[in-house]
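Shared between the two complexes below is subunit A, which has subunit B as its partner in the first and subunit C in the second.
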Partner chain A sequence: MAAEEVLRAEHVLEFPYKRSVGPILGRFFTELRDNQRIVGIRTKRGQVIVPPAEVDPETLEDLSADAIVPVANAGVVKSWTWLSDPRPYSAYKKPHAWALIQLDGADTSLLHAVVVESEAKMTTGMRVKAVWKDERQGHITDIAHFAPEAAK
Partner chain B sequence: MRDIAIIAFAQSANKRNEQIYNEAEILAPVAREALQKAGLKKEEIDFTCSGSSDYLAGQPFSFVIALNAIGAWPPIQESHVEADAAWALYECWIAMQADESINTSLVYGFGKQSMGSPRDVMNILNDPYVETPLWCDTISMAALQGRALIDAGLATERDFAAVAARNLKHAKSNPKAQCKGDFTVDELLRSPTLASPLRKHDCPPITDGACVVILAAGDTAKKLCKRPAWIRGIDHRIDVQAIGRRDLTRAPSAQIAAEKAGVGAGKVDIAELHALFTPQDIILRKELGLASDCVINPSGGVHQGNPMMGTGLVRFGEVADRIIRGEANRGVAHATQGPCLQQNMVAVLEGK
Partner chain C sequence: MSEAQSTEKKPVTYINTPVAVKYDYTAGKATSDFMRAVAQGKILGNRCPQCNRVYVPNFLVCVQCAVPMGEPFEVPDSGIVLTFCIVNIKFYDQVLEVPYVSAYVLLDGTDLPLMHLVQECNVNDVRMGMRVKAVWKEELSPSLESIRYFKPTGEPDAALETFKEYL
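Take a look at the complex of A and B:
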């Protein structure tokens, strides 16, 4: 059978479930939406995890909403990659960076996009700041992207 | 503990795009070949377990269709893991330890990656609330790990390219290989980055394929195989999912699994690493404590072919085959799942 004779069908896979994000991530998303503020959670070991989690995987300690603490909207790029071929489902249509960003006051890094003109503008250790969407819906993408802090 | 060995392994040719045959059709001749090598009839298999992902086929319970390749009538004892088939092998090993009436197991894995865009689809493995909505693809995730290694002074882009060159060279002797050849590091480094610092040669190929391993316990293994590849240790461990909460230059779960499996108890002749991206090869060699005289990925590893959801099981098969043929005495098989080496399985296989 020649390749052009092969039958083809488009198939879209969907799992249309509704889920509750619970008290910890719920607070994280509410803070993004209502206050343009990023929060983490402090473990008993004193580590601040961002985004906040319900359990400390090292100690299996349950973490409650009382332990939520604000962190800064700016921080340091700990690692990054320059994506020359933006992916079809992401919000970024031009080449951009993905980065692990350790926000001031946090002990872990947040994965998000950094938008700059070119790869030459990216360095490990550079400072970046959250750029917010005007219309926020309680979603990780309420942070449109991060940008170099000096550029505001 | 019972002695359990791999007594047979078969795999399909790794293909970039298998347009004619579906998963069950790819799998059926592979299963037949493995049973033939083991000298067993299908009715003589006590337990069957498979590993696959519905996200590759794009439909729920897709593994049930693949079971047609094995045949489930008269009724068989069967299970499935939504994971790499190395984890199906682990389930068989546990079942055989727990139930002495199970003397033989058939493990299979399969995947047709060509039907979708795996670097995007596999983003669904990530945290559904704070990561997946960003659509950061798997190559970018691996690139964050590669950069972390470079920044820490633990590797260079040349080291990454050298891993690819080694794998593609070894693949020349692998009749199932999809990618192979002689490449110099300088040649490889001339290609553009996909997600810096990673280039195409740092990434696994997109592959359609299937593989089958047959396990047997104690005297059954000795009766069926002249030189079974005995599983002397096997362990799997898991690190935190979020890559921002890990030291990406390390894979502590791989180190613990290697220690529990007893890798360091003797000389390792060969190791097959499920290192999807070249930086992971460098991390794993260190975490597993592999010496410089150990031959890494004699098959060409993941770079010669990556039949996703079977890729980890192929590592077991490639090590076992060389022990069964008498080319190696002691080997290490590694399998992984999750972003940036989150979950790791390590096994020690021996001919004696």
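Take a look at the complex of A and C:
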């Protein structure tokens, strides 16, 4: 049989998930939306976890909403990777970094986008601050991205 | 506080986290041959030389015997409803109005059912063993959507003994 080309078709697999966040993360998202404030949770060991968890990942101790504490909207880039070609569904249309950011007052790092002009502007240890959206809906994307903190 | 304000200040209990993956599906030789035939209004199957089962769509290798399958040939576009399900639940991106029937249709002379819709009858009248025939679109394409659905032919039902080995 003569070799014929195989057929190809574009497919899209899509799930419109809606996720229940519970009392602890619910508070995190509510604070983002209503107060432009980032909160973490203090464990009995005194560590502040951001975003707040329901359980201390090391001791497995249950954590209550009473232990929620605010942290700063700015912090330090602990590590990062440069995304030169965002995927079609990404919220970011231009190249940017994904970074682990340790906010002041936190002992863990939060994953978020850092928007700078180019990869050359990224350094581990650089200080960044949250840039908020005007219209917030109670979602991690209420923080539009992080940007370098203005030089002092 | 006005009602609008109190609604706005409700704590967040849910977040929307949609995921989507866009990809190119490569059909491979067997499915490409099948789809090209569908675009001409034909359904292809092929036979395993060892177990004699006829698969629809045509396969490259028998999944039971692991031997190469025979050359594809056209199979009838009529058969029986093997099993079926009445879909009553609405879901995201649903194309059809509920209720509708999704059925395993065993085409005549074949041993592997094809999943498709059964329409042109009340959903409550669909039965196991009911005779059905494909209703094709006027504009054919290399997609099973070229078959709009299967409709009852009105012929007598197949007896359970004739298809129970497929259940």
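Criterion: the second predicted complex is superposed on the first by the 131 of 152 C-alpha atoms of A that agree within 3 Å, B and C clash if a C-alpha of one lies under 4 Å from a C-alpha of the other, contacts with A are read in each partner's own complex, and residues count from 1 in each chain.
Here is the rule we use: contacts are C-beta pairs under 8 Å (C-beta built on N, C-alpha and C of every residue); 3 or more make two chains touch, one makes a residue touch a chain.
Because the structure is predicted, anything quoted here is derived from the model rather than measured.
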Task: Winner by number of subunit A residues touched, once subunit B and subunit C are compared - done: B
TODO: Answer with first, second, both or neither: which of subunit B and subunit C does A:I49 touch in the superposed model?
DONE: first
Open item on the list: Once chain A of both complexes is superposed, is A:D34 in touch with subunit B (first), subunit C (second), both, or neither?
Closed with: second
Open item on the list: In the overlaid three-chain picture, which partner chain does A:W80 touch, first (subunit B) or second (subunit C), both, or neither?
Closed with: first
Open item on the list: For A:S20 in the superposed arrangement: first (subunit B), second (subunit C), both or neither?
Closed with: second
Open item on the list: Tell me the contact category for A:P148 with respect to subunit B and subunit C: first, second, both or neither.
Closed with: neither
Open item on the list: Quick check for you: in the superposed arrangement, does A:P70 touch first (subunit B), second (subunit C), both or neither?
Closed with: neither
- [ ] Would you check which partner chain A:H11 touches, where first means subunit B only, second means subunit C only, and both and neither mean what they say?
- [x] both
Open item on the list: Looking at A:W98 after the superposition, I want to know if it touches subunit B, subunit C, both of them or none. Which is it: first, second, both, neither?
Closed with: first
- [ ] Could you tell me which stretches of subunit A are touched by subunit B in one complex and by subunit C in the other?
- [x] 6, 11, 13, 19, 21, 29, 88-89, 139-140
Task: Of all residues in subunit A, those that touch subunit B in their complex - done: 1, 3, 6, 11, 13, 19, 21, 25, 28-29, 49-51, 53, 57, 78-85, 87-91, 98-100, 102, 108-113, 119, 124, 139-141
Open item on the list: Taking the touch rule as given, give the residues of subunit A at its contact with subunit C in the complex, in rising order.
Closed with: 4-21, 26-27, 29-30, 33-34, 88-89, 138-140
Task: Contact footprint of subunit A on subunit C as seen in their complex - done: 9, 11-29, 31-33, 35-36, 92-93, 142-143
Open item on the list: Please output the residues of subunit B touching subunit A within their complex, sorted ascending.
Closed with: 19-20, 55, 58-59, 117, 119-120, 123, 128-131, 133-137, 140-141, 143-148, 151, 192-198, 240, 242-245, 248
